[in-house]
Amino acid sequence: MAAGPYSEKVMEHFMNPRNVGEIENADGVGEVGNPACGDMMRLYVKVEAGKVSDAKFRTFGCGAAIASSSMLTEMIKGKTIDEARAITNTQVSDALGGLPEVKIHCSVMAEEAVKAALDDYSKKHPG
Amino acid sequence: MAAGPYSEKVMEHFMNPRNVGEIENADGVGEVGNPACGDMMRLYVKVEAGKVSDAKFRTFGCGAAIASSSMLTEMIKGKTIDEARAITNTQVSDALGGLPEVKIHCSVMAEEAVKAALDDYSKKHPG
Amino acid sequence: MAHIFFDHISTTPVDPRVIEAMLPYFGEKYGNPASHIHDLGQTALRSLDAARGSVARMVGAQPGEIVFTSGATEANNLAIKGAAAGSKDRRHIIVSEVEHFSVLNALLPLRASGFETTVLHVDHDGRVDPDDVRKAIRPDTLLVSVMHANAEIGTIQPVSEIGRIARERGVLFHTDATASAGHIPVDVEAIGADLLTLSAHNFYGPKGIGAIYVRKGTRLESMLDGGFQEGGYRAGTENVPGIVGMAAAAEIAMAESVGWADRLAPLGRQLWDGLEASIPLLHFTGHPKERLPGHVSFWVEHAEGESLLLLLNMQGVMAASGSACSSNLRGHDEEDLVASTVLKAIGVPSDICTGSVTFSMGKDNTGADVAHVLSVLPAIVSRLREMSPTWLDYQKQQGG
Amino acid sequence: MAHIFFDHISTTPVDPRVIEAMLPYFGEKYGNPASHIHDLGQTALRSLDAARGSVARMVGAQPGEIVFTSGATEANNLAIKGAAAGSKDRRHIIVSEVEHFSVLNALLPLRASGFETTVLHVDHDGRVDPDDVRKAIRPDTLLVSVMHANAEIGTIQPVSEIGRIARERGVLFHTDATASAGHIPVDVEAIGADLLTLSAHNFYGPKGIGAIYVRKGTRLESMLDGGFQEGGYRAGTENVPGIVGMAAAAEIAMAESVGWADRLAPLGRQLWDGLEASIPLLHFTGHPKERLPGHVSFWVEHAEGESLLLLLNMQGVMAASGSACSSNLRGHDEEDLVASTVLKAIGVPSDICTGSVTFSMGKDNTGADVAHVLSVLPAIVSRLREMSPTWLDYQKQQGG
């Protein structure tokens, strides 16, 4: 494979992102970031029986942002809401084999997107 | 020949200086320069019938100083006293195919040596 | 896989003839010109003199007016700081806002020590209005520095007009010809430059060597103090192989660069037209006509620049971006990701300017390279847009 | 004709293995490390990282503490001026009188801007007394700069002692290891250096590249402002082939330099003894023991230095002189002929010090080279003396 600035894992997720798209009538949608800052992520989750049964994303952003989004969706699928909420940016970046220092914020964006999507879910499904 | 910092003519005179030595009972001796300044020249002349019949030198100094000394002795031999006095440093340096700017003073030293030697001659042979 | 280098503005491959010219100066003719008392030193010194002549000829200067430096950054720093240090009373400097960081940042210590600076705006095409230069000149103006051509957007500045104005007003004129020299004609008399920056690796010479033209009589203080080299403007043992290489590159450029430009200009036009026809919401940057031959720059909406470059690279196409995200992946924190000041200067909206791309062709690129790029880029843009939430919203909006 | 290079102190031939390591970085791996988003740039960046590791290892540093420069002159200027610019209150600098001009002259603009300097004397062997350093340190002392080894007279300074004193007193210590690195062990911890200068062309690497070691945490302002390279200490596109070459030279030196020194030290001794035995009125300069291996320097009475070198060169022997007359044949007037400050410092009488010679051997010199030099030099000295009026007078005087 070509020598990119990223780890092989990042490049693999960037080239073949998992779960791109949107979920019709998603149970929760979270949007974080801002194109002005170079990246923006919209995360859709489906929740069944207290677990994240499906997740899809659309991201505008750099290689790290897209790979972080892809990795995140893989990580939260099948997790309980609490487990998904507990995912940290470090876990995302570790799962990707590390990110350049200046790109840590991309994994932070992924972490924030889950929280935003689950907040949205909680708001729509109170109690 | 090796590529020296000097013209071929300078190197030729430096390698094969003409008229090195001293004239016993010289009619005039001129000494100019100072080893502290890097060069010193002693010029001996023999004068016959108002002409410089012989000239020899000893010089402590760089390549340009030795070549200038050598060239000078060649130039004054056979000249009248007035002709020899009229020789300029530029004539010496031109005859050598030119000298580096910082070495012009070596040809000046040669010019001054003739004048000093002829002054000495005049002093010893008044009238 | 394809291997298409469209990033000549960042650097160029060293021409094989240049390599051949340099090679003997490493292991055989390795003398130090300062040791010119012996054969090896003398050989080095003579090569240095000859090389200075070639580089001087390239820009219409006298050999004694060429000072070799370690590259364009040093030359720009020397031009600005050296002129400032050599100035008695004049403490005002004028630059354009699209100068390279090695000009803009060289001003920082000067400002701290009391210099005043005027940073001229550029128009939508990235050009300085010579009239703005005229208006900005004050009685205490020392120097005007406006680059010849911009690397990122390709725009060529009206340097001759600016040079004329500076001359009329008795102000020094420096122009950074890093991106232009070797590609389009650069002549210090035509430009009216007192100081002019050159960089070898930008015209098929080696990295680590550049030069500054210093018009005879220009007051310039050295930045590197030490030995007697470079007429007192720049101490340090000369990079003889680099200098010989720069001279060889200059000779090649003098002989061939008109031909390169004649070939690259239509290739650039072809790329431009092809992009325009195949990618919607694509915006070209820089001046449409007054630009470097073979240089095509643009930004696209709804696709981020680094991602574009990564995907292009996967297709064997190497290019550059002024996007923040790709600017400095080696920095220590997010603040090191600085969006291009040039794109901001020409009014690209900051919320979407991240999708910028600079394609810069070189003498060895072909029509097939252009065709390949045109065959892969539309799909790359579409792919990224399909992934982008902003594109989705845009389409919904368009759909009504 | 013989071809004997005894002027390694001025520069060295690039080792063939170094040339081989560099070559691919001109025409193939020509990427700019700043363009690390694509393959060619990424390759360049990785090579840069690896090279930094090699150079760091050579002096016992961390890779992040190595800043590549265009050479020793830039490194010395950066050490002195960069530390000065980074200093808040401390405005006193201590150097030795035998430092290279790139240290001594770097002080000139600082003095003009209010810095005070102490220039330490050296003893007859050219050594600084560490106690003098201790005494010279004041509460406002910022930096001590004492070179590791002197090029002209070969003397090695007691840098570890000086480094220890500087550390104790909380003062920065810079040492210029241009002449020593790659030839004798140089370790930043053993020396206690905060800043250390390196030059590739002095240890079989290419010209135009050097480095400065900057101990982590040392305050140093950049001199070349611009892009993001070299951790902010030094802007400008990296000289990738040069850096790769310097690293290759460092690797070779790490593996082989102990062997070189073991061979050169006795060759140097042989030359020393031979000269002593065959040439009257010859005076060695520098420390007899604490000196660079294969380095023999001296002056002779009644024979001028440039003439000695010219005649040696005619016999195929290339050497250097600290003599005024050979110092700068390219200058514009006599004032550019500056006699060695080093010879003055060690008390060589100024009226006869013009006959100085520095023989500096390198890894490829042999015993046969020494024998050749010993076979030609006595006759050369005699020949010049025979021509000299001072020798005539001296002999008359001796004769009674």
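Letters A, B, C and D mark the chains in the order given here, with residues in each chain numbered from 1 onward.
Here is the rule we go by: a contact is a pair of C-beta atoms (placed from the backbone, for glycine too) under 8 Å apart; a residue touches a chain by one contact, two chains touch by 3 or more.
These numbers come from a predicted model, not from an experiment.
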> In this assembly, which chains make contact with chain B and also with chain C?
Replying inline: D
>> Measuring between Cα centroids, what's the chain most distant from chain D?
In response: A
> So which has more C-beta pairs touching, B-D or A-D?
Replying inline: B-D
>> So the centre of each chain is just the mean of its C-alpha atoms; given that, what is the distance between chain A and chain B in Å?
In response: 91
>> Report the inter-centroid distance (CA atoms only) between chain C and chain D in whole Å.
In response: 34
> What whole-Å value do you get for the distance between chain A and chain D if each is reduced to the mean of its CA atoms?
Replying inline: 56
> If you average the CA atoms of chain B and of chain D, how many Å lie between those two points?
Replying inline: 39
>> Could you pull out the residues of chain C that touch at least 2 other chains?
In response: 36-37, 39, 45, 306, 310, 313, 326, 328-331, 336
>> If a residue has to touch 2 or more other chains to count, which residues of chain A qualify?
In response: 2, 4-5
> Among all the chains shown, which pairs meet the touch rule set out at the top?
Replying inline: A-C, A-D, B-C, B-D, C-D
> Along chain D, where are the residues that touch chain C in the complex?
Replying inline: 5, 7, 10-16, 18-19, 22-23, 26-28, 30-32, 34-41, 45, 69-74, 76-77, 85, 100-102, 105-106, 108-109, 199, 201, 206-209, 223-228, 235-242, 306, 309-310, 312-313, 318-321, 326-331, 336
> For the complex, which residues does chain B have touching chain C?
Replying inline: 2-5
>> Residue numbers of chain D touching chain B in their complex, please.
In response: 302-307, 310, 313-314, 323-326, 328-334, 336-337, 339, 350-352, 354, 384, 386-392
> Inside the complex, what are the residues of chain D that reach chain A?
Replying inline: 36-37, 39, 42-43, 46
> Which of the residues in chain B come into contact with chain D in the complex?
Replying inline: 2, 4-5, 11, 14-15, 17, 20, 22, 31, 34-36, 38-42, 58-63, 65-66, 100-105
